[in-house]
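One structure is given below, encoded as structure tokens.
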Amino acid sequence: ERLGFPEVIYGASKSLPVLIEILQSYQSKGLNALATKVQPDKGVALKSQFEGSLYDDISGVFALREPNAPDSPSNEVALLSAGTSDAFVVNEAFYTLQFLGCHAARYNDIGIAGIHRLLSKVDELKKYKVLIVVAGFEGALPTAVGGLLPQPIIAVPASVGYGVSENGAVALNTMLSSCANGITVVNIDNGYGAAMAAYRILQRTA
Amino acid sequence: ERLGFPEVIYGASKSLPVLIEILQSYQSKGLNALATKVQPDKGVALKSQFEGSLYDDISGVFALREPNAPDSPSNEVALLSAGTSDAFVVNEAFYTLQFLGCHAARYNDIGIAGIHRLLSKVDELKKYKVLIVVAGFEGALPTAVGGLLPQPIIAVPASVGYGVSENGAVALNTMLSSCANGITVVNIDNGYGAAMAAYRILQRTA
Amino acid sequence: ERLGFPEVIYGASKSLPVLIEILQSYQSKGLNALATKVQPDKGVALKSQFEGSLYDDISGVFALREPNAPDSPSNEVALLSAGTSDAFVVNEAFYTLQFLGCHAARYNDIGIAGIHRLLSKVDELKKYKVLIVVAGFEGALPTAVGGLLPQPIIAVPASVGYGVSENGAVALNTMLSSCANGITVVNIDNGYGAAMAAYRILQRTA
Amino acid sequence: ERLGFPEVIYGASKSLPVLIEILQSYQSKGLNALATKVQPDKGVALKSQFEGSLYDDISGVFALREPNAPDSPSNEVALLSAGTSDAFVVNEAFYTLQFLGCHAARYNDIGIAGIHRLLSKVDELKKYKVLIVVAGFEGALPTAVGGLLPQPIIAVPASVGYGVSENGAVALNTMLSSCANGITVVNIDNGYGAAMAAYRILQRTA
Amino acid sequence: ERLGFPEVIYGASKSLPVLIEILQSYQSKGLNALATKVQPDKGVALKSQFEGSLYDDISGVFALREPNAPDSPSNEVALLSAGTSDAFVVNEAFYTLQFLGCHAARYNDIGIAGIHRLLSKVDELKKYKVLIVVAGFEGALPTAVGGLLPQPIIAVPASVGYGVSENGAVALNTMLSSCANGITVVNIDNGYGAAMAAYRILQRTA
Amino acid sequence: ERLGFPEVIYGASKSLPVLIEILQSYQSKGLNALATKVQPDKGVALKSQFEGSLYDDISGVFALREPNAPDSPSNEVALLSAGTSDAFVVNEAFYTLQFLGCHAARYNDIGIAGIHRLLSKVDELKKYKVLIVVAGFEGALPTAVGGLLPQPIIAVPASVGYGVSENGAVALNTMLSSCANGITVVNIDNGYGAAMAAYRILQRTA
Amino acid sequence: ERLGFPEVIYGASKSLPVLIEILQSYQSKGLNALATKVQPDKGVALKSQFEGSLYDDISGVFALREPNAPDSPSNEVALLSAGTSDAFVVNEAFYTLQFLGCHAARYNDIGIAGIHRLLSKVDELKKYKVLIVVAGFEGALPTAVGGLLPQPIIAVPASVGYGVSENGAVALNTMLSSCANGITVVNIDNGYGAAMAAYRILQRTA
Amino acid sequence: ERLGFPEVIYGASKSLPVLIEILQSYQSKGLNALATKVQPDKGVALKSQFEGSLYDDISGVFALREPNAPDSPSNEVALLSAGTSDAFVVNEAFYTLQFLGCHAARYNDIGIAGIHRLLSKVDELKKYKVLIVVAGFEGALPTAVGGLLPQPIIAVPASVGYGVSENGAVALNTMLSSCANGITVVNIDNGYGAAMAAYRILQRTA
């Protein structure tokens, strides 16, 4: 706020009445507000409570008012992931960016097992100012992206996998140890944090 | 290289003869070269082998030729840390930035236990384009910085501490879980990676 | 008991019949009794079984008789936390202190991301004899408090967070490694233990 | 300092020249100063550099001037441990307390395997205002003490043991999970922190 | 079997039809059979399927025929634990011993926080040939028992606790690092294994 | 002692002067004494200090007087291991048993990769009252032994291995999870504890 | 695909509509398709949606068309496990192999606690080209197999067990540290991966 | 042996005299013998003790007689790694393969950060029957190889890295979770095991 960042509400460990109370205080001031990781039962209740609100049941993002930044009109942030399993993280970043007034485009078909799909997109991806790359299992996608593209890269490990990679820790450690240059990392499933980090960079970008 | 990044040599697990061979191949092409995490015995030997070279025995950085970017002439990157214990990481980032032609200023007196020292520097720190924040023990410094300053922040955990914080993992996890908005993180002791991430951002910055 | 401490019942792994039996034996002796971490279904059943009893569904604390120590009349213990997510731990400490006949005041609006909220309360907080500080995620609040206030500080990590900080272990380790002087720590979510530790100190305090 | 606490220097990760520089700045202001976890080679050098200084080679504590608080003249703090293996932690707490002007008595013969040794000391131990209890291996001593004595207890896990208890983590976790009431804990080997926590309590004690 | 041990069925990861099939094959040979860790729904179904069978819903032990060894007629095995939370492990050992034709007595009131309860039972406990000691949380009970009694001791960690001791690992490690002499340990919650180990000893005992 | 067990000194974290002082106090009372895990430099010094003493440089066991129980004259304890790498643990158990007046025989050629070597010894091994089984790497030897022999089995994980099994933790966990019936376990490298556990059993054995 | 491998769908983290969409796109191209780790509710729905499809509710494998490779007609792959608890992993490998057109035979009665059952099958097992060995708990079966049979061995840890072996990590580490020669390992519960690894080998085998 | 595998000696935890004794027993039978992970001091001593022997000081492999299989004459096994840091593992596999009479070729210049180097070798690599892929840090190389080549792949994590990837565990977990199909894995630094696994496959290969 003091820093020009809107306040965002962590929804996972707040009860429905507490969430409603907080959201009403924003609403009464005429402000929009964003809550993340809101579980489905609470999200559905909030959606019917606040007219004109948005609830994305894949990511659990709730917003008092639908952000009106259109999907991908400019070339600010590209959101890359391997497939539909990572969508809950991708969407958290996507709606947070919209809420912040930034433009984001989603690339969900960029798997590393088939490296050619990524290679064929390299030129198109060069246009974006910041790249957010989400991956679960062994989390190798940011390494491949980092070897092919020069922009700032924010890697987000996703808690997708089983056995040794069950909770996202392997993807996290892979991203932290990446042999590709200058990749930065945020917490497991922290699409919100990746969006905020992109926002900090975009504020500085010509 | 393809991406405009100079190649940097990881020195820790290479023998002296191997390092000399690699460095000579750069030298023979008239190129400068940087090696990181070079242990003291190898560093001293390299220094006497290559005339005009630089070896920083605090960080283990070796460069064929002294980078000539002067200390802190502009306001590109601020390097913050609590004290002298973190200097080995700070210096790795500092010399890598110089090697990349970026300007960096070191702030080593910014301890969080005495929050007033940080508060008194906030205005001066606002001038930098990117902030790299190094911390060991519980690693709380980036959270405090993130609550006070709006720039891109790259947090680097340092392997300084004992007991539960012996190897830097507590600092790493603190930084990843930070309640301050949009902080990104690199591997423990990875001053080099933080510098490269800053470089990616600076390339995009007006 | 021998030490002047009332016995407190650990409710989480006891069945309802076992809890009722134990509580009735206290009741029949005319004693009050406290049970902690009682799950909602059992708590509601106990409340209707024992007239005049208290069940706090946020913390799971049950007491045979409502403790009659009023909220915050004197300046014994201040309970600090960042927000509503930590309330389940705060309340466990709060009701235990009341049960022990100690006076406690709750400060739930003391977040470290906005350091100014804490700074504005420092003078008021100086009046308390003991500070209990609850924090989840990266658990940095006790460090900030410890740098600003001279009293005994008991830090309680809360199992609030996700990704690397999911179960409270990061907050615990941060508190144990704190660079602030002389902070002591109890188990994750152990509001009860923090209250007992405060009670040991208050017994010695003028 | 602001809080009335003297500044203490963490010696483990500072080079000899850096330590000398810091200590001279204290000396030139006529102040005493304490450094902890100073390795033997550096400790011996400091001792010969600064006349009238103290270096305890068991704990690695260095002080510019010998603290003159006599051993155990009053009944402020009792330091309990099982035997000589824990002495490096006990002494760090002991000399820090002396430096802070507090009186401490050491009880090194209180093993839990032979519970009768502890039982025979209970009456004598009741006189102290604060108990610091150090233990390695399984770390059960604080639990036994906590069941027998009502004072504030600060437990310190020691990195003494092998196999599963090699680095002190088992002792730490035992102390945090103790079924004895109201035991507080500091980091592994953190005798310094235990002393500071005792000091915070003693400041409040009649 | 070849070794004179009856075969015991691990019930947790077998479906009801699979369990019924296995048990019927024992029944058709006129043999008794034991299954452990059978979940309530399956246990209740088995109980009504097999007439004269036993299902203990605390431990999940199922037996085709009620073992007829009376509770505690001789002095073979004493089962010690702190309280009712550990009963699910105690009972698994108890019914397995009965199935093996051994006599076992349960002592559930032996808490270490009140060491006097244990001290008052020492003479009575001296009569048993083997001691099985179950403990959760910090798991210190076997250490205390081992310092007071000379028999073979089999310690069983119970998955009772929260925070750092949530899954029984702290109790396990405490038992493995015990400073009491010659304590042996089995897996967390493995009452069955403790009973089998006691049985191996009893076969050798005069 | 009270329990009829001789006191054994843990040598690893005691300095040479401290060890000499303790040993002299035993010697002056005409008692034998055993110290375990005494490092080579201290062991050699003790050996020359105390005439007629024993120091085994493989295990680090020191005894004031050579125990005079001959190697394997009766059939009390068999010590099994796969090969020479485990000898440091085997010998700690062996000399402790001798010190306790028990008879022990070593079988170092019983590898599980070649199961036929173990099978060929089964009849001979049936004669012993207690089996101690030492294994590093994956620690599977006790499982095989437990499937073939009915006696009490004490498994000792050895810190022999590399990669995932570097510190003995894999062997420990394998032994704790063994599908063979009634195997008990002691701490990693704890040959001393295994000997004491065998001694407790032998005291009860006809 | 490019490599001649059919694409297999990871079903666990995909919603039913997403799965249906993907499967229909395969169906419309006249292709068979396999999905793994499909939870029961989704599996049952898919089975009724796609006529002629296969859903194995033990492993969660779904196939658009029943693979028509008969059970075990030739001697390509033997699937070994100790018993019914491991069947969910065994079946994932079995149906994947069928889908790949390979012949597999299941040996579910090969427990290591009774080593004779395995020994009696050695000659029969010699006929297979590749051995896949599944084990939970301590995971020792592959070691025994590796000491008796010369073929390529792919070991699969199963998440079957409790206490220290709850999630399959002990079995995994045991297999990685096996003292038997040349055993390879895949992720916990990864029957699919084991089948693919066998397929890579069979493609090269005469 | 029984299986046609030569016995290989684990050298790391054996003393020089023990190694000499074992090797002489092979020599006296006219057999060659291989020892792995022999530390430099012991390796040098063995080399001068046994005429005509081989000691590779990079991997620590010792062989009584130089294997005479020439480097890479046929197309049996390709050994891939990113660079010189992994050479200690590569060479262990290389010399073991030679000892087993297999032909191996080393590709040390195949880094994933520069994916084009790998792409340019794909056709050449198609000729080999088995691929062994060694990687440290985040260990992503096998995933890339697995997406491009159809042969059996044995991945070996190397203990090369720092921070979170210090001991090779990240590389191990990455390889186990790889999204590329059918990759198998051996223990960290286990070049020997990878060679034996390749040997098992080659025995079956036309």
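Side notes on the structure shown:
Labels for the chains are A, B, C, D, E, F, G and H, by order of writing; each one numbers its residues from 1.
The definition used in the following text is that a residue touches a chain if its C-beta (ideal position, glycine included) is under 8 Å from a C-beta of that chain, and two chains touch if they have at least 3 such contacts.
Source: prediction; values computed, not measured.
For A-C, the matching interface among the pairs A-G, B-C or F-G, defined by over half of the contact pairs being the same residue numbers, is A-G. Matching the C-alpha atoms of subunit E with those of subunit G calls for a turn of 90 degrees, to the nearest 5.
Using the mean of the Cα atoms as each chain's centre, the chain most removed from subunit E is B. One inter-chain figure worth recording: subunit B and subunit H are separated by 35 Å, centre to centre, where each centre is the mean of the chain's CA atoms. Averaged C-alpha coordinates give centres for subunit A and subunit E that are 50 Å from one another. Put simply, the C-alpha centre of subunit G and that of subunit H have 27 angstrom between them. For subunit F, the set of residues that touch two or more other chains comprises 114, 147-148, 163-165, 172, 176-177, 181, 187-188, 190. In this structure, the chains touch in the following pairs: A-B, A-C, A-G, A-H, B-C, B-D, B-H, C-D, C-E, D-E, D-F, E-F, E-G, F-G, F-H, G-H. Those residues of subunit F that touch subunit E in the complex are listed here as 3-5, 8, 129-130, 147-154, 172, 176-177, 181-188, 190, 193, 195-201, 203-206. Put simply, subunit F touches subunit G in their complex at residues 82, 111-115, 137-140, 143-144, 146-148, 161, 163-165, 170, 173-181.
Within the complex formed with subunit E, the subunit G residues making contact are 84-85, 114, 160, 162-166.
Subunit A meets subunit C in the complex at residues 1-2, 10, 12-14, 18, 37, 157, 159, 167-169, 172, 187-190.
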